[in-house]
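There's a structure below that I have some questions on.
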């Protein structure tokens, strides 16, 4: 079917490509026209404005917005709302806060427009592996767009099928779900990313523990000089901790066991934060998800006010002066 | 080659079977003779005592102890040490604390005996999938036993191979590594299990967050009634959080989305605890691994002294009386 | 000076009394007229409606709202705004979220009304000890109301004065501060309560550790049967951990070392949650404040979905069945 | 009474002084003779060796060892054991791990020597304020030494007495307790310090949150420029978070609100670590105490292996490159 796509970066461009490879028709727009060129070579129609985009697509239209979450997505959707027609659908495939989805859908509904939120996981690998999608939408709208989702999803693949699924929704086994009404898709994707932070931090702590077991700070007879790359590799096979993140870890360590060229100032995006906020709102204890987030905060700072205050208190009650920082 | 195995439970019995299926010869002992019978049917020689076990195996002997960690393993190894001969090897495949390995090896060395620690992951799935093994041993001893490890390990399987491994140890790709000297195997396995706790807790927190989003405690217009089984299933395909633990989660949820028949009083074994102790000893921050452990402690208790003291303080400063417990 | 007070519960009633004892004039209102009677006996004028309240006070009026945070406070302030006059001031002394203060102040400003947020600590002890107040307000409004704050505050007391205060604001030494513009008072009070949660949890964990050191779960030769009441008492004198919360702990333990009649289902109020949200918003790591909050969440639940999922995974990979819950 | 003291640093010297000011007789030894001189001026007898120390004191002797915990304390006690006589007592007032106390006492008992562990809080302030002491000892030995403890302790002071103490041990109200048998004193002191870490971290996180609320990273209309010194000061009066640590915080902030000359690389001593180990051993959840410790670990490092691995994974799945570190 026909789809408009706005935003042709890493994610949007590959989503367009995967659709076109499987027979869908893409009309694409990006503020940076040079980015759009390679898509045109792959078969897309490129348009220079939102107005042209709406003009080029047959009603009822579906336009997929794949932009950084926040202001730019908000503005683009508002602009589309002004020029699209009743019965058209705007899909937000980015990382929007789910309460913003709910608000937008209510506003668009007044104009007869539909809104769909698609939590999309797959990163730079999605073009080949397919995208895992969690979708919030009205039932009819979801049904109408399903051919697109089915194409973008990984499909059954060669994974062993889960036994005993009752009244299974086979879409889940092909890699996409209709999670619920508008907002539900991004809510599930938000938690997905919160979990991702926790998983990553668990591996990171464990590998640091093993790496530091060879440290010269330990007495010589208590050290082990362990091979991080081999450990990551061996755990990929038959161990309880095997995962795709471990595959990536093995890949990273294969060429560079010391990881020296990474700064270790780890960014976080909105979803990890919103997950903690949601847990606070719902009264759910999430010590692991929250501490994983806090570790990222700390990774980007040194010599914080909190730590200086600890030093000041230690001086106050015990006359302690801290030794200089380790580097 | 020939191997003695002591302890024919879930792990030991299947290790014996996987070895015999691939042409190795097993002499087996278990205090419970009925457990041994099925192994005999599969081709093992069964003996009724440690003395017979030593007698039945040709020198230099290798005997694999696969018993619950702690006293029973300690005593069995001590008993073996009394009757085995210089040049023989004792393998501890259980979940022993690595410092106990180091101590034992030193003691056995005085008698000319070798000691090998094998951290073994794979659980009830190892017979079919193979066991992931992290091995601590002297180089020569490891080399001598390698045919056993190679048989027990999963092998390359159909996993995509990691690109760019420099001077790779292909053993890691087949599912076993010589981690280092005695103790290193169980040290790596200990951290493996510590990571496992963190990964499990990350999923658990995330799924609770999603499950509770449908709770009647929330205002009706803020609820989503999400399908946990479908979410676990869809994340298996193309998402960043796909893993073997997620496969198991999907399997568990497929038949029983509410998980009502689980008590939620979650046990922990030594390794999760030792991991935190090791982190404290090495000065490594492990907020996620430690909080995962603490969550298990809390899961087994209610109305703790700590919480009662919080209530007492709240009453003290604000006259607050807690509402009754939610059930 | 003259002050209207709405809400004569534990806090509001005692604030009124402390003001009247020191020569201020109070016009009071509470929906529950019986509560108001004892205040009348102490010298207050009681009125039956907001309208009468406004009528009874001379312009420019100051009315202190001391109600549970949330809907009831919001509505009361809205109702006051309708009947008060330009130049009047509404004081919110409850536990309002600081962003709501900012929003309200902007709205009231359009009508020429002033708004002041007072974070008030002191609980049931404030009548005798005085109230510690953190105040957000325009400078002139703060100055105008200062006689009230000065009366309510504890004053210098017999505390040793802090050495070396540069250009000190002596108001801080008397127990109240002009923290900043509207919202700043409740922001500081919010963090105050977040810290309170952390302090309480630190004591609670430590006392549980000591109490459980006498547990029959430990080998007999590793137990200490420690006296919690004496420990709390001794720490009050000369130790680094002495505090008012410790005084309260000693008080609670003096009569009831086992704390058996507390349910241990610990409530939390908005401020602990907002503190974590603020930390997430500001990118500040607050592992202690957040984990203290999460411990309260967990204290109110048992057999959570998260824990049941952990049990399900353990069964999945290792065939583990949890032992029954400890009570 | 007469007491030998070994180790005349900040703690040992002031303990000697406080005893002498109140009529006790001190024979003192320090490897650094110059340190000893000022004590001699205050009335102590100084001896140059352990042998002389034993010689100068009348049997049954009591010798207080006040040295850094670890090797030097261990060796000194072993050396004393060789030259002291049956019926004599060795007091370890340092920060020894309580299991080492138990071990030592058993060993000394074979020679007829007594052993006492005194957990001592009070730091540089103890000379004036008195020391809070938690004592592990046999009952008779404790009784014999009690005049020393009574002198060193703060006494009732002007603290309000706790109401309702049943069958009170008034020693607790004077600042020392007989916590239990050998080891109990240091166990209680260990937990005391664990709690101290948690309390300090709670304040540190809260103050960082408030300080960063003025950060230029926030939109201008969301900033508050709060005065840390005034906030600490005001909380000292009537607030729930008032404490001695807060007094010290107010003192530190009075002269230097930015705390710029502290490195923020926060040391930790054994007791914080042992507290976490004890919690793990006893199966008690201590998220706050453990995270406070981990925050100190992190404060001393930057660009850890754990964080670099997070960056490597983020690059792996999303092509993300971290922005440069904030300073």
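By written order: A, B, C and D. Residues from 1 in each chain.
Assume a residue touches a chain if its C-beta (ideal position, glycine included) is under 8 Å from a C-beta of that chain, and two chains touch if they have at least 3 such contacts.
Protein identities per chain, from UniProt: A, B, C, D = Decarboxylating 6-phosphogluconate dehydrogenase.
Everything numeric in this text was worked out from a predicted model, so none of it was measured.
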Any chain in contact with chain C as well as chain D: A, B
Homomeric contact chain A-chain D: same or different residue positions, threshold half: same
Most widely separated chain from chain D, with each centre as the mean of CA atoms: A
Separation of chain B from chain D, taking each centre as the mean of its C-alpha atoms, in whole Å: 38
Geometric centre distance via CA averages, chain C-chain B, whole Å: 46
Distance between the centres, which are taken as Cα means, of chain B and chain A, whole angstrom: 31
Residues of chain A engaged with two or more neighbouring chains: 123, 125, 201, 203, 205, 208, 212, 240, 244-245, 251, 283-287, 291, 294-295, 298, 300, 306, 317
Sites on chain A touched by chain C in the complex: 240, 273, 276-277, 280-281, 283-287, 290-291, 293-295, 297-298, 300, 306, 317
Touching residues (chain side chain B, partner chain C) in the complex: 10, 123-125, 200-201, 203-205, 207-208, 211-212, 244-245, 248-249, 251-253, 256, 259-260, 262-267, 287, 291, 295-296, 298-320, 322-327
Residue ranges of chain A touching chain B (in the complex, touch as defined): 121-123, 125-126, 129-134, 153-155, 157-160, 162-166, 168-169, 171-177, 179-181, 183-184, 187-188, 191-199, 201-203, 205-206, 208-210, 212-213, 215, 217-218, 224-227, 229-231, 233-247, 250-251, 254-255, 275, 278-279, 282-289, 291-292, 294-295
